[in-house]
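Next up: some structures, all given as structure tokens.
In what comes next, chain A is part of two complexes: it sits with chain B in the first one and with chain C in the second one.
Our next item is the complex of A and B:
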């Protein structure tokens, strides 16, 4: 893998093809877990792991998978690997599993994994595919952390609640005054949609400003329809 | 692998595809079984450790002196406990006298399915402690029934039960404040506490009714 290739993969994953604010994939887990920063970050970390492994696995097996039945085979591979990761976590990192536990099976339902396997790993070598999985996950990590942080701050006035379950000894921060009444809307799924919309608008605004400055057309937003 | 010289017949294609899919299924099922068997002992040990840690939360160790993981009684499936399988009650004794009973109850009507509870009752029927062991309530919303997730660290919601004796409290009072009862709840998430409150009361009445049988002395080593 050349340096340039690596840079492309990283830029695509983290910004240009960001799963959550460009491809708008994996909305179900996004709505469900970004009620606070820690949950959003944890789900993303688990997803990074699964995407790296499944990307590498599918890329290694790509010449063995007949085109006609690739989707069932992909699902089989992803589901089996997620279950193995789930079991290994449960056995060897039990404390972490108690925190991440509910998120790991959720990843199977996350169509980002399947989308990247189909769009990338199926056509590229294992190393690149693993890198693609990792950087797509990193893109998801910052977006979900930001979204989770905003929802938590607006909804409850805190940041990092639940951090003590991941790192015992650390404590959540009370950012807004303790008598902040909270905004329930931010904690509920509609709040996630509203804030996600704001994030997308913010990203598009940056893109079009950069495009105006360099006098070129703004890039077409890429979307993968039919998979959420 | 490629046989591009001559396009194979449809039948041949179908068989080949099916065989390949089958082989993938066999390979990954094998992988799964291997991972399962390999991790099973560690997972079971961790689960037993968790169980004892949970029991410690509802029942402090100073209250009893026996090995309660060994002093158990099988409970038949009971609607009052929300259980449709046999479950186990752990009996704590001090100097041979019944001190407390730890059992599992299920609230079937949580916001997202069943909520499993571990409840410790004193010998007189008072609740010593309640903990949620398993639930699927909305993270950040209904999950405050778990003290670790509760924002109120000093008096987590679930500790409201401590010391109460459901047998001596009127059923009309055994509700969330919103329904005219005595228990607090968080606005926007009252389905979860309602389910838990109901399940605790039902379990308490069950213990009241079956006291003799539940606290019966252990049958020696014949277990």
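Our next item is the complex of A and C:
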């Protein structure tokens, strides 16, 4: 993997084809889990793990998997990995496991995972595929953390609530005054949609400003087709 | 497509003129409010107006639209006044500000500004507030609070603790709660006989505010600012369902007049479902829109968990407007059947 290739994969995953604000994939965990920063970040970390290993696995097996039944095979590989992650969470972060609940097993059906396996790992060597999985996951990580943090801050006035479930010594931060009434809407799914819309608008605004600054920029690669 | 031949009569129908007439039609309702509760509601109106104009100016500047043209059309003021009147009159000032900001910034300008918003901004503000702060949004002062203007101001600006004496449920909410607690043993007639909350038709005092809205609305209709379709279909929708259930079981369901003069019915009928932007545009569509909104408002109000259903009913119907409009296009003049 050349340096340039690596740079391209990283830029695609983290920004240019960001799963949440460009491809708009995996909205279900996004809406349900990002009620605070810690939940969003931890689910993203679990997804990163699954995506990295599944990308490498599928890429290694890509000449062995029959083309006609590739999707069931991908699902089996992903499901095996998700089971491992699920058991890991259950064993080591049991409190958080109870909070995230069904959304850890549901990583199997998260279309980001399947989309990257089908669109990238199935056609590229293992190393690149693993990197792609990691950086797509990192894109999801920062978006979900930002969204979770914003929702938590607006909805409750705190940050990092639930951090004690991951690092027992740490405590959540009370950012806004304790008598802040909290905008409950931000904690509900409509609030997640509105804030996600604002994030997408913010990204488009940055892009359009950058485009206006350098008119001779190469054209954007087409975004991957959605799977829903 | 409509073909007609000249000569035409010129009519002055600028946005500004329409909006000013709507504001004027709200004045009787505001007067009734002041007469019932004192001038505190005027403070809310001022807070809402100032906030709406500031938000409108900021958004116009950000979007690079002409400031004077849009700021002067009065549409932001109408939204602000409707929000101030739909919210509890002694709600804390920041609740009104949150509502107005949400309405102007998100519900209006992020959807493209005046004439582009699919949802009624004032109802968005109401829905946001009641979903986020259900307790504050359900505190309606009883009309005979002898608290002075200063006390009310202190309450609005958060300088005094919000004590229960200054806040009760709306007559609608009180009725629903009493019926639920009675579990079938308490009849509507018995509850409504309590004259400290209920008057001749509906909530004591509040029925006059509703009647004043009706008066303003009829004036708007007479001035041809609004057409009769949507408001009367809305009233019909509520009255039909309320009437049917009342005839079936008068002990458990209040009569139609109670529902027409309670909660947001009159304000909704003449000032919300008549919104030319977020409502239907075809005459038949307006009838469907109004009727369905009325039925939904009644169902949410009586069987739902929220004190009133007008806001949710209107927002749900707002989503259906493109579909309703599509199926109710009037035939082209001179042609038979479908356009």
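Here is the rule we go by: the second predicted complex is superposed on the first by the 199 of 228 C-alpha atoms of A that agree within 3 Å, B and C clash if a C-alpha of one lies under 4 Å from a C-alpha of the other, contacts with A are read in each partner's own complex, and residues count from 1 in each chain.
Keep in mind that, in the parts below, a residue touches a chain if its C-beta (ideal position, glycine included) is under 8 Å from a C-beta of that chain, and two chains touch if they have at least 3 such contacts.
Bear in mind that the values here come from a model prediction, so they are computed numbers and not experimental data.
Participant: Judging by the criteria at the top, classify the pair chain B and chain C on chain A as clash or fit.
Facilitator: fit
Participant: Report for A:175: first if it touches chain B alone, second if chain C alone, otherwise both or neither.
Facilitator: Once the two structures are laid over each other on A, A:175 reaches no partner at all.
Participant: Please determine whether it is chain B or chain C that touches the greater number of chain A residues.
Facilitator: For chain A, the partner with the higher number of touched residues is B.
Participant: With the two complexes superposed on chain A, say which partner A:183 touches: chain B (first), chain C (second), both, or neither.
Facilitator: second
Participant: Now for A:75: first (chain B), second (chain C), both, or neither, which partner does it touch?
Facilitator: neither
Participant: Given the superposition on chain A, what is the angle at the CA centre of chain A with arms to the CA centres of chain B and chain C, as a multiple of 10 degrees?
Facilitator: 80
Participant: Would you sort A:200 into first (chain B), second (chain C), both or neither based on which partner it touches?
Facilitator: After superposing on A, A:200 lies clear of both chain B and chain C.
Participant: Quick check on the superposed model: minimum Cα to Cα separation from chain B to chain C, whole Å please.
Facilitator: Between chain B and chain C, the shortest C-alpha distance works out to 7 Å.
Participant: Once the two structures are superposed, pull the chain A residues common to the chain B and chain C interfaces.
Facilitator: In the superposed arrangement, which is not itself an observed complex, chain A uses residues 184, 188 for both chain B and chain C.
Participant: Provide the residue numbers of chain B that touch chain A in the complex, in ascending order.
Facilitator: My answer: residues 1, 16-17, 20-21, 24-25, 28-29, 31-32, 35-36, 38-39, 42-43, 46, 50, 136, 138-141, 148-149, 151, 187-188.
Participant: Chain B touches which residues of chain A in the complex?
Facilitator: 32-33, 35-36, 39, 63-66, 68-69, 72-73, 76-77, 80, 83-84, 87-88, 90-92, 94, 102, 152, 155-156, 158, 161-162, 164-165, 184, 187-188
Participant: Sort out for me which residues of chain C touch chain A in the complex.
Facilitator: 98, 106, 110, 128, 131-133, 136
Participant: Mind pulling up the chain A residues that touch chain C in the complex?
Facilitator: 181-185, 188, 190, 194, 197, 201
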